Amino acid sequence: MDYGMAIDTMWVLVATALVFFMQAGFAMVETGFTRAKNAGNIIMKNMMDFAVGSVVFWVFGFGIMFGTDIGGYIGKVDLFSLSSFEHLGLGIPKEAFLIFQTVFCATAATIVSGAMAERTKFSSYLIYSLVISAVIYPIVGHWIWGGGWLAQLGFHDFAGSTVVHSLGGWAALMGAWIIGPRLGKFTSDGKPKVIKGHSLTLGALGVFILWFGWFGFNPGSTLAGTSTEAVSHIFVTTNLAAAAGAIASMILSWVRYNKPDVSMTLNGALGGLVGITAGTDIVSPSGAAVIGIISGIVVVLAIEFIENVMKIDDPVGAISVHGVCGALGTLLVGIFATDGGLFYGGGTKLLFVQLLGVGAVALWTNVTAYYLFKAIDKTVGLRVSSEEEEEGLDKKEHGTESYADFQPRVIYLNSDQI
Amino acid sequence: MDYGMAIDTMWVLVATALVFFMQAGFAMVETGFTRAKNAGNIIMKNMMDFAVGSVVFWVFGFGIMFGTDIGGYIGKVDLFSLSSFEHLGLGIPKEAFLIFQTVFCATAATIVSGAMAERTKFSSYLIYSLVISAVIYPIVGHWIWGGGWLAQLGFHDFAGSTVVHSLGGWAALMGAWIIGPRLGKFTSDGKPKVIKGHSLTLGALGVFILWFGWFGFNPGSTLAGTSTEAVSHIFVTTNLAAAAGAIASMILSWVRYNKPDVSMTLNGALGGLVGITAGTDIVSPSGAAVIGIISGIVVVLAIEFIENVMKIDDPVGAISVHGVCGALGTLLVGIFATDGGLFYGGGTKLLFVQLLGVGAVALWTNVTAYYLFKAIDKTVGLRVSSEEEEEGLDKKEHGTESYADFQPRVIYLNSDQI
Amino acid sequence: MDYGMAIDTMWVLVATALVFFMQAGFAMVETGFTRAKNAGNIIMKNMMDFAVGSVVFWVFGFGIMFGTDIGGYIGKVDLFSLSSFEHLGLGIPKEAFLIFQTVFCATAATIVSGAMAERTKFSSYLIYSLVISAVIYPIVGHWIWGGGWLAQLGFHDFAGSTVVHSLGGWAALMGAWIIGPRLGKFTSDGKPKVIKGHSLTLGALGVFILWFGWFGFNPGSTLAGTSTEAVSHIFVTTNLAAAAGAIASMILSWVRYNKPDVSMTLNGALGGLVGITAGTDIVSPSGAAVIGIISGIVVVLAIEFIENVMKIDDPVGAISVHGVCGALGTLLVGIFATDGGLFYGGGTKLLFVQLLGVGAVALWTNVTAYYLFKAIDKTVGLRVSSEEEEEGLDKKEHGTESYADFQPRVIYLNSDQI
Amino acid sequence: MDKITKVDIITRPNKFEELKDALNKIGVMGMTVSNVMGCGVQKGQTGNYRGVTYTPELLPKIKVETVICEVPVALVVETAKKVLYTGKIGDGKIFIYEIANVVRIRNGDEGKVALNNQP
Amino acid sequence: MDKITKVDIITRPNKFEELKDALNKIGVMGMTVSNVMGCGVQKGQTGNYRGVTYTPELLPKIKVETVICEVPVALVVETAKKVLYTGKIGDGKIFIYEIANVVRIRNGDEGKVALNNQP
Amino acid sequence: MDKITKVDIITRPNKFEELKDALNKIGVMGMTVSNVMGCGVQKGQTGNYRGVTYTPELLPKIKVETVICEVPVALVVETAKKVLYTGKIGDGKIFIYEIANVVRIRNGDEGKVALNNQP
């Protein structure tokens, strides 16, 4: 009996379950931070991008990501992931690896739904979701985790700050930009207005669930429960970065807005988690805390920048949390890696590779996502009608409402800004 | 040190925790799909059937289910599960097995509360809950998992499509039928009316939690973390069936009602999970996807049939999800089992055994549950008064209300059907 | 390859994730049992005491708790937990132990937020949170788990009924007492009035999450997945005590108030969990059930006593659940321990040691917390202004509101008592 | 100009559907409904929250406002009384006011014509 | 028939209990309350949501509607003014209307008698 | 005493902001708004819940109540009509009443002066 393999398999599968559960976290954060009239629609998107992603990744994506390498850019398509994938030299059963990778793929896909919330056509979202899971994500995944060109250069993205999060974030950026802001989000002269989320408690629950799931996301990526020192270390760095991120965002929002902002603090915790994901295995606890602090600060500034300067409407802050903190966290590996990082005497070599990888993924994702969303827009249309948007997507897209027993506060919506 | 046993024990206990957490999932689904005025009552039922079930299964049920076999029908009662149960030849400590089985028993019990929601007397529900955990479930459990007659025939129900889910579903059918529909559910000429749930977000959260818990429910049923190939395979088939079920229900609801229905899609995911549970270990990933699709389609049709044709009011769709998909999934093992299934050249032998088992459990459960609910009805009464039902069970049965700070939408309730 | 260590490490880390998730449980219970206008504030407190606690315990607390013993009272401060802590003779990596202890520390800290909810200044709460994680908790932790004087006397508190729960409970007692009741909680002649929680469903979800997390809290405290008999036993006793506690509270509330009270039943489950935590490893299943019943009864009586007689306003019952049941459960070890307990012929020796430990921790915590809260009150002030309290802390402390899309029921609040 | 009257009916929420159907039948097609809380002789069911007993003094009611002109006030009142009567405390009250004018925004109709509900 | 008057009081939500007790004391036993949003000179507390500053222009208020006959209107107004007065902007307004008739559904009483609250 | 008038506007919720701004512009500064449900010719969007089709007969509307004196009623009505008009069913109705008196609680002002909104 190979106990080592048994331990590693259990570890990966427990992590799989935790990462799966992050879908619930995303669903709660995204629905909590948006309006009640669209809650059911967001739930549907979160449920369906996981469902569609699971099937599509099994049918196509896994082969593209982990199939035999073709020129460093793509793996060989392997319909239904049927071959043995022996070239991977896995220490765990192929199916354990497949399901673990499936839940990662779905995480990347789901990030976009928050940024495009409250105005995207459901059918168009399904198309996007299918394409990202089948093609956009697996190709980047191949570059970095499937033995492709970035892997060969020594690019370090342990659990996916770039592969998963910044990829999702850039797709979110393109989506939110192309679809345009929600009705009433900006005044006619471009000043942002307040559109409050409908449940901070559900949003916070979502953040707790995500943090919990991250204890699968990062430590699971060792693919080895037998690497006891590594997984223990990853638990510590993951947790410290999240904690530091939350504290930093809270303090910054306190300074900037005079009051500690709840939703910014929640975003800060997530920013810290995203930021640490690339280097969680090779930065020290102190390094992790600093990465958390930087991420927590940057996430607040990025949210403001995207809204105030770029005039892009990202209701839940997905672009800042996943795109910006993902890219940033990956770069910071080049600085804080205890072996090879700039601050630890490793010079700039790693940093440049990190920069290259971050840039390449940003370029790839922004370009492909741009054309994807444009193509959807030209064909089936990306956005619901303004009448649908006003009435809410739940009623118009799904023929229902999410909170039938509560008196909605229908006025208030656009009337309370300076 | 027996590492194998340690790994297996950990596996089973982690799975136990996950299956326990499914209680939260049931609570959220059931409360989310029903009205706010009964939310506290449903919570209480979910909490108490687990509490009562835990105690009763420990005191009586475990012995009946796993005690020394008496004629293939029942195990020897063993008060407080004190003996060593060596005849089971367990590879894990008895107490690990006891607690794992306890959370399964509680799952079967809790299914009914959704179908009988919003009109059942709390005290009557407690009686039902006690009897199903002490007698109805353990006896079926003995037949199939305790070495009883169905086990001896080769009936295959890996993790409980029949033992747990269809049993719960049939009890739900009898309960919902005997107690009758909620006030206002049908017009005087028998047309169903809409009674909306009060929180789709909580309902969806519940579905995510259940899906998460199912990663304990199915893979845990190997009782062995050391069976690495098996548990990995089970993860893959479980996930694919759920995903396919959600997609199928969504598409079917889109076709039938012109709009992708949120609650039907959620039910579809659950239908897929219930359907795959019997054969999760011995069907291929493709087989799992097909089982998921079939379950997702059938669950929608079953919900319509039960409501429109049978005129039975099942607010959350428990009968369809658990009863129908549980039975169906068990039958489909006879078709899709890669070893012995009809489609894989195994002939009809397994299929017949599966049919026999499904039929026997349906008969046993429907009959015992029928008399149980009738007996309760004759003695303490099964249903609250119509005044209580109108005011809500929270106020009348528990002297409270669940959402004191929100303005309820008291009208709207029965006034918005065609 | 040391498989035993790998198994133990995995076990501790999985438990760590589960215990972390209890933070979500606390957040949901505390917010669900209080008013909507303060929901965001409570969320923030729960998020921040974990974040602050994580950092502070890493920087200071861990050293104080587990550093080389100084006279039995305190460990040597070890900034950033850098040394190897070899004197602990751990069977798992230091970092695994650190993160496991971190989530325990945060649990102790978070208990207070419920008892002081709806009226405490956010900045003051942060100060409290920092001090308890840095000093008050680690010192008691050292006495009992760090090889200090109580450990040397044979005091048995397996997973923290006293170290974690009663400590949190006593701090809550001092906090709630010093800050005084919420406006409108008592009539001018001292009769308690009803202030309902805003979401029983979120409260119940929180209890389910806590129960789930407890399957990490107690079994994880073995620090050994290889102790298969022990962890299995702990699962059984933990679950039975919780179930029995819920049943006992429900029955008692039914008897006393004519109706089975939802929130009391939820408190009863928690009381049972807190009560069993000290002796979960060394009491029998029956002993666990009895401890659960006693805790479930006592928690109801304690809640009444604290409110009606002591006139202390504890919105969520934290003092009773954690303080009273924690102390009581620790004492009951002296009675129900199968080896050394009074009822098992072990005489009163263990009971006296337990009494001593419970008393010492109560004394230490009440005194330090008293001075801490008094000091905060004198300097930055402990309580928000009455205007802030009336408008809600969300608006005044955080500049937002948690449920922007629902019509609040602003009247009703203080107007519906006898 | 004909006399225009506003009738406010405050009653139990669960009676709304029946009331609406009855009013529709006598030709009253338009109405505006709101959730209100009523305070009167009727008291709520005594409850208990975490050990403290209380009796709500405010009860959920609905207010149905309908402005009429052609349909006689007496008929509306009679109809409402018939449907809403249970004889138990809390059946509610009907308040009748005179109204100066009414305007239909969609087409600018004023007075009596503004109230006849054709699309 | 005696003159029946409706008094609508729009004021701060947290004052309701006191107001109700005071009105009860002068013999006004029945009233109907609703949650409304008020727009006037008073503005809300400036807040900030995810970096954007805003000042609510609508504030939560309650509307207490009470129809009276025997109790003099002036007394009701005086009582309300006494209880509700803080002197700060946002204390609210009292609107007084005449009303044509009132009916108690439970027993068919009309006019003045419909307002005396015996069970 | 000048004639004091109450204007009740029942209309679509999403029009509120525009309406408020337009009324402010003509000098109507105070108003009280509530969420109501409207029943009229307009019917809701047909929906489907778990296989059962339904058409809501009650639609979310807002009721804007404003009491005026100096600003002419006709101007208020004209302004509201202009802003709220879409020509589709469901634009809503305006009801106009006379009112006997109005009191500002903050300073005891009565009648006309109670309505001029200076702080």
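Note that the chains are named A, B, C, D, E and F in the order they appear, and that numbering of residues resets to 1 at the start of each chain.
The rule is short, and it goes like this: contacts are C-beta pairs under 8 Å (C-beta built on N, C-alpha and C of every residue); 3 or more make two chains touch, one makes a residue touch a chain.
Bear in mind the structure is a predicted one, so any value in this text is a computation, not a measurement.
Asks: What chains, if any, are shared contacts of chain B and chain F?
Replies: The common neighbours are A, D.
Asks: On a C-alpha centroid basis, what's the spacing between chain A and chain C, in Å?
Replies: So the centroids are 33 Å from each other.
Asks: Between chain B and chain D, what's the gap in Å when you average each chain's C-alpha atoms?
Replies: The computed centroid separation for chain B versus chain D comes out at 45 Å.
Asks: As a quick test, compute the distance in whole Å between the mean CA positions of chain B and chain E.
Replies: Roughly 52 Å separates the two chain centres.
Asks: What residues in chain A touch two or more of the other chains?
Replies: 3, 7, 10, 14, 196, 199, 205, 257-259, 261, 263, 399-400, 403, 406-409, 411-412, 415
Asks: Mind pulling the residue numbers of chain F that touch at least two other chains?
Replies: Within chain F, residues 20, 33-35, 37, 46-49, 57-58, 97-98 contact more than one other chain.
Asks: Looking at which chains touch, is this a line, ring, star, complete or other?
Replies: Chain contacts: none of line, ring, star or complete; other.
Asks: Pull out all the chain pairs that touch, please.
Replies: Final set of chain pairs in contact is A-B, A-C, A-E, A-F, B-C, B-D, B-F, C-D, C-E, D-E, D-F, E-F.
Asks: What residues on chain A touch chain E, complex-wise?
Replies: Touching chain E: residues 192-194, 196, 253, 256-259, 261, 263-264, 300, 303-304, 307-308, 317, 411-412, 415-418 of chain A.
Asks: Quick one: which bits of chain C touch chain B in the complex? Just the residue numbers, please.
Replies: 3-4, 7, 10-11, 14, 18, 35-37, 196-201, 204-205, 207-209, 211-212, 215-216, 219, 225-226, 228-229, 231-233, 235-236, 239-240, 242-244, 246-247, 250, 257-263, 265-266, 269, 285-286, 289, 403, 406-409, 412
Asks: Within their complex, state which residues of chain A touch chain F.
Replies: 390-391, 395-396, 399-400, 407-411, 413-415
Asks: Per the contact definition, I'd like the list of chain F residues that touch chain E in the complex.
Replies: It comes out as residues 6, 20, 29-34, 67, 97-108, 114, 117-119.
Asks: Please give the residue numbers of chain B that touch chain C in the complex, ascending.
Replies: Residue list for chain B touching chain C: 1, 3, 5-7, 9-10, 13-14, 16-17, 20-21, 23-24, 27-28, 31, 39-40, 43-44, 46-48, 50-52, 54-55, 58, 80-81, 92-96, 98-99, 102, 122, 199, 202, 205, 394, 397-408.
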